[in-house]
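Written out below as structure tokens is the structure these notes cover.
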Amino acid sequence: MTSATALTEDLRTVAVSSPREPRRRRGARDFFARLPMRLIIAILLVVEIYPMLWMFLGSFKTQSEFLSEPFWALPASWSLDNYVEVFTTGGFGQYILNSVIAVFPSLFCILLFGVAAGFALEVLVWKGRGTVLLLFLAGIMVPAQMILLPLFTMYFRTGLTGSLWPLILTYIATGLPLTVFMMATFFRSVPREIFEAATLDGASMLRAFWSVGIPLVRNAIFTVGLVQFFFIWNDLLIALTFTTSSDLRTIQVGLLNFTGQYGAVQYGPTFAAIAVNVFGTLALYLFLNQQVMKGLTAGSVKG
Amino acid sequence: MTTALMRRRLLPLGALLGAGALALTACGPAGSGGGADDGSFSYLGQTENTTIINTLETLGAEQCAAAEKAAPLESDSTAGTQWDQKLQLLAGQDALSDLSMAAGTPSLMQQFIDADQVLDLSEALDDLGVADKILPAAESTIKALYGGDSLYALPTELNIEGFWYNEQLLADNGIEAPQTWDELVAAAATLKSAGVQPFTAAGKDGWPITRLVGDYIVRDLGPDALKKVADGDAKLTDPEYVAAADAVAELGASGYFGDAVGSVDYNAALNQFLTGGAAFFYMGSWALANFNDEEQNQIGADNIGFAPFPEVEGGAGSIDQVPANVGIPVMLSKKGYTDSTADWLKCIAENYGDTVLAESGVVSGFALENPPADLPPTTQIVQDVIANAPSSVLWFEALFTSKGTTVSQTNGGGLGNGTLTGAEFMELVQSANDEG
Amino acid sequence: MEKTLGDKRAILILLGPALLVYTLIMLVPIVWSLGYTVMDGNPIVGFQFNGFDNFVKFFGDPAAWEAVGFTLRYALVLTVLQVGIGFLLALLYVFWLRKASGLIRTIVFFPVVLPTVAVALLFQRLFEAAPTTGPVNALLNSFGLESVDWFGTPDASFWIVILMDLWRSMGFYAVLLYAGLVDIPDELLESARLDGASGWKLIRSIVLPLSLPVLLSSLIFSINGTLKVFDTVVALTNGGPGNATTPLTVYMFETSFTYGEYGYGSTVALMLTILCLLFTVFIFRSTRRDLTKG
């Protein structure tokens, strides 16, 4: 899975440079030859940016503006009422905290367990590893809806209901199949000699995993981590099923709070909550970008 | 060596898994319950409904302070979109809260009753000497809903349904509130030719349209017509039933619901009515909260009139049998019914009606002790209708199976925009009912 | 050396935690649910063994087959579109935008981050027909065409579900595939150009075969995700109009939790799992044949 590395690099840098033959300038003819493509790019950008802008503008609108004004109307005022409502009546602060508590430990465990398992299944040599890998692969195909009832029963009888543990455990387990599968394919593309050399030096297998294996795949870990993060962060089904009390709601469940009993949606606060959520993720994403960039420029091993 | 070991380890593991899981699958509900006597009074409601919990909290602070002291109220909520799923999961563990909102679909509620998890309130209220605190109209609605002779839920709401209309728009076009279906259709034709959209309805949600079918059946064939269908004595595909769906489909085909009714949701329909975009709006009295909100209501609360669902000429029903529902009532868990819960129940029965009307303007199915003096005009209309109604009737899907209800409501939009004929619609719903 | 690479203790420590969590939280419930597929009932009224009745019922259930039909149509159309357009975007990034592609990639990628509820509200408004006219219908009107009731007609709502998912996911697949294209050595492209290959020919003879591994994993990723579509449909159309956009997952969920037929619901879920398995195996097989040919 060389894609994993490249994807990481790609996501990491906003302006990555891939060395190619430099383009020759040909003046006006060139400009017209490029026009159709420029048009396509312009349309693409409008199609992507305008809807997102609309959602952001929506967070300033009142309910009647939403229902009676046309789609492209700008908000009448830039009041922050909707944002205030999100944090006061909506209690969004608690939901953000819950999401963070549920998602980050899960993400950490998914990556740690998943990478270790991928390593054990691909680098280490033992019979039966193919079967175990297939066992993990099967998990990708099973719909999550199928395991809700047994899991609810298990959590209930073990007394885990009423805490965030059911969420954390379920996230880890459902995140593992894809992670293990992707990590195993990634380790496959690493030349075996590297690990054999490490063991010849007398390092134990665990040390080899920690000091050679992980650095080799850090880009892949970042990629898989990113994909898993969006899955878990945006999960609604599992969170809805296992959060039994309002103190345990995550952001996605909290978004439903702005819906009335007979199906009336409070658009303004909903979009304000979404904006808070999206800016949070964006800030986190940019922060992580910086960190990984720093690590790379510090001269660490590159995948 | 390792491989042999692993194989030896894996095989029995697999066998163990299979056997263990099957054993787990087979064993029924067991374990401890959340509704046991744990010194508190637990309530679980839908997040979207804040009225019930607010009223309970007020009661706890005031009239029910003694019960609150013995067993403090502990409330929680879960999203209404997956309410039935959550209740089913909890009931599967015999862990329903002491008090909780009932299942959205009556047939699921019946399973809870059959599994002996829900408290028989007729008996309990009799024992406490407060059986007279439940209004007869509400009691009969709930009994009809869940079957049987006993009451299994408390009517925290009592809503009537009918056509709310924009008095100004009707007057401008020289129309009086219609008394018969033909008058209604004629009024719609007049309005449409005058460039006014006759009806607005949330076709996306389906039920605002299927309600019309149900009401037509009841007016035409009498109040027990839908019960006959539920008992298997009649079928929705019988011609006299199909006639009702055809009557509604005809409104749709004539474009009286406006453009694209299949995509209109509750918000949009309500807003359209309250901004003067349509003349008639079939809705329950729960919408009074919106009608009485000056910011939403651009046409003025005084400008809204109420017309009961009209009579069908030569029909067996009459116009004063008012379509009613109890919203989502609340049920008590049998397991959690202890002395302290009984104190709460008694106090709720005595005080809920007054408190919820005074605080939230909601008309409940509890008897009023001290009716408030100054009610908004629309709320007053509802009070009067309830007081004067000799009997109430249920809505179209009330006695259907869960599947019948879902199929009916998801196809309601099709009737509204004229893509389904009455016969096709009834065919779909009847076969869903037969299956469930 | 083989001994170190086969160190039992290391295997146990490395694989143990993952296998333990996976077994307890996924495998046990899966096997447990398999038990339900041969039973009738739900957790409230209890379960009774009923042999293969559920399977018989599935094969004679028109609603289930409609759901299978929608699921297949949706998965195939969306997989072709999102991987296809993702690939075109990736080509655009690599061969046209080059150095300047970074910002555009990030922007096109971004919708993947948005919560489903938000995107669904957006698309409902975009395609609104009444009471206010949404932008799409306004555009139609300006060309003198009638407004379309997008969510009221089965075919139209199918395409809106597709469009919404495409909007969200094409940037994601573009980035995934871009990563594969960037890995193609420049010398290879250069020598092919010297041989006179250009444009489509270059793409067909060099780019496509070389990015096949990434394409393959994208396809598997996409098909397994789209066959199990749930959030999008629930948030956007809730399966309507009628049950025109009801996929197997939603049907399974309704059967289990709304209709209270948990055993039958598990059977539906099993069928969906088998469908995913068939497609995955099929993709593996067909690409392997292509590889040996090329």
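Every chain is named by a letter (A, B and C) in the order it is written, and numbering of its residues begins at 1.
What we mean here is this: contacts are C-beta pairs under 8 Å (C-beta built on N, C-alpha and C of every residue); 3 or more make two chains touch, one makes a residue touch a chain.
These numbers come from a predicted model, not from an experiment.
Participant: Hey, how would you classify the chain contact layout here, line, ring, star, complete or other?
Facilitator: Shape = complete; every chain linked to every other.
Participant: Which chain has its C-alpha centroid at the greatest distance from the C-alpha centroid of subunit C?
Facilitator: Here the answer is chain B, farthest from subunit C.
Participant: When the contacting C-beta pairs are counted for A-B and for B-C, which pair yields the higher total?
Facilitator: B-C
Participant: At what distance in angstrom does the C-alpha mean of subunit C lie from that of subunit A?
Facilitator: 16
Participant: What is the distance in Å between the mean C-alpha positions of subunit A and subunit B?
Facilitator: Their C-alpha centroids are separated by 39 Å.
Participant: From the mean C-alpha coordinate of subunit B to that of subunit C, what's the distance rounded to whole Å?
Facilitator: Averaging C-alpha atoms per chain gives centres 36 Å apart.
Participant: Which residues does subunit A have that touch at least 2 chains other than itself?
Facilitator: Residues 67-68, 126, 132, 149-150, 153, 256, 265.
Participant: Identify all positions of subunit C at which a residue touches two or more other chains, and write them in rising order.
Facilitator: In subunit C, the residues touching two or more other chains are 6, 11, 27-28, 32-33, 36, 43, 128, 132, 253.
Participant: Multi-chain contacts in subunit B: which residues touch at least two other chains?
Facilitator: Where subunit B meets two or more other chains at a single residue, that happens at 2, 24, 82, 85, 89, 92-93, 265, 268, 271.
Participant: Contact residues on subunit A for subunit B in the complex?
Facilitator: Residue positions touching the partner: 63-64, 67-68, 126-128, 131-132, 148-150, 152-153, 156-157, 240-241, 243-246, 253, 256-257, 259-265.
Participant: Which part of subunit B faces subunit A closely enough to touch in the complex?
Facilitator: These residues of subunit B touch subunit A: 2-4, 6-7, 10, 24, 30-31, 46-49, 76-82, 85-86, 89, 92-93, 95, 202, 205, 265-268, 270-271, 275, 286-287, 295-296, 327.
Participant: Inside the complex, what are the residues of subunit A that reach subunit C?
Facilitator: Residue positions touching the partner: 1-11, 13-21, 23, 37, 40-41, 44-45, 47-49, 51-52, 54-55, 67-72, 109, 112-114, 116-117, 119-121, 123-126, 132, 135-136, 138-147, 149-151, 153-154, 169-170, 172-174, 176-177, 180, 185, 195-196, 199-200, 204-206, 209, 230, 234, 236-237, 251-252, 255-256, 265, 267, 270-271, 274, 277-278, 281-282, 285.
Participant: Note which residues of subunit C are touching subunit A in the complex, please.
Facilitator: 1-2, 4-7, 10-11, 13-15, 17-19, 21-22, 24-30, 32-33, 36, 43, 89, 92, 94, 96-100, 102-118, 121-122, 125-126, 128, 132-135, 138, 167, 171, 175-180, 182-183, 186, 190, 213-214, 217, 224, 228, 230-231, 248-249, 252-253, 256, 262, 266, 269-270, 272-273, 276-277, 280
Participant: Show which residues of subunit B lie in contact with subunit C when the two form their complex.
Facilitator: Touch list, subunit B to subunit C: 2, 5, 17-18, 20-22, 24-26, 28-29, 82, 84-85, 88-89, 91-93, 105, 107-108, 111-112, 114-115, 117, 200, 203-204, 206, 258-265, 268-269, 271-272, 277, 401-403, 406-407, 410-411, 413-414, 417, 419, 428, 436.
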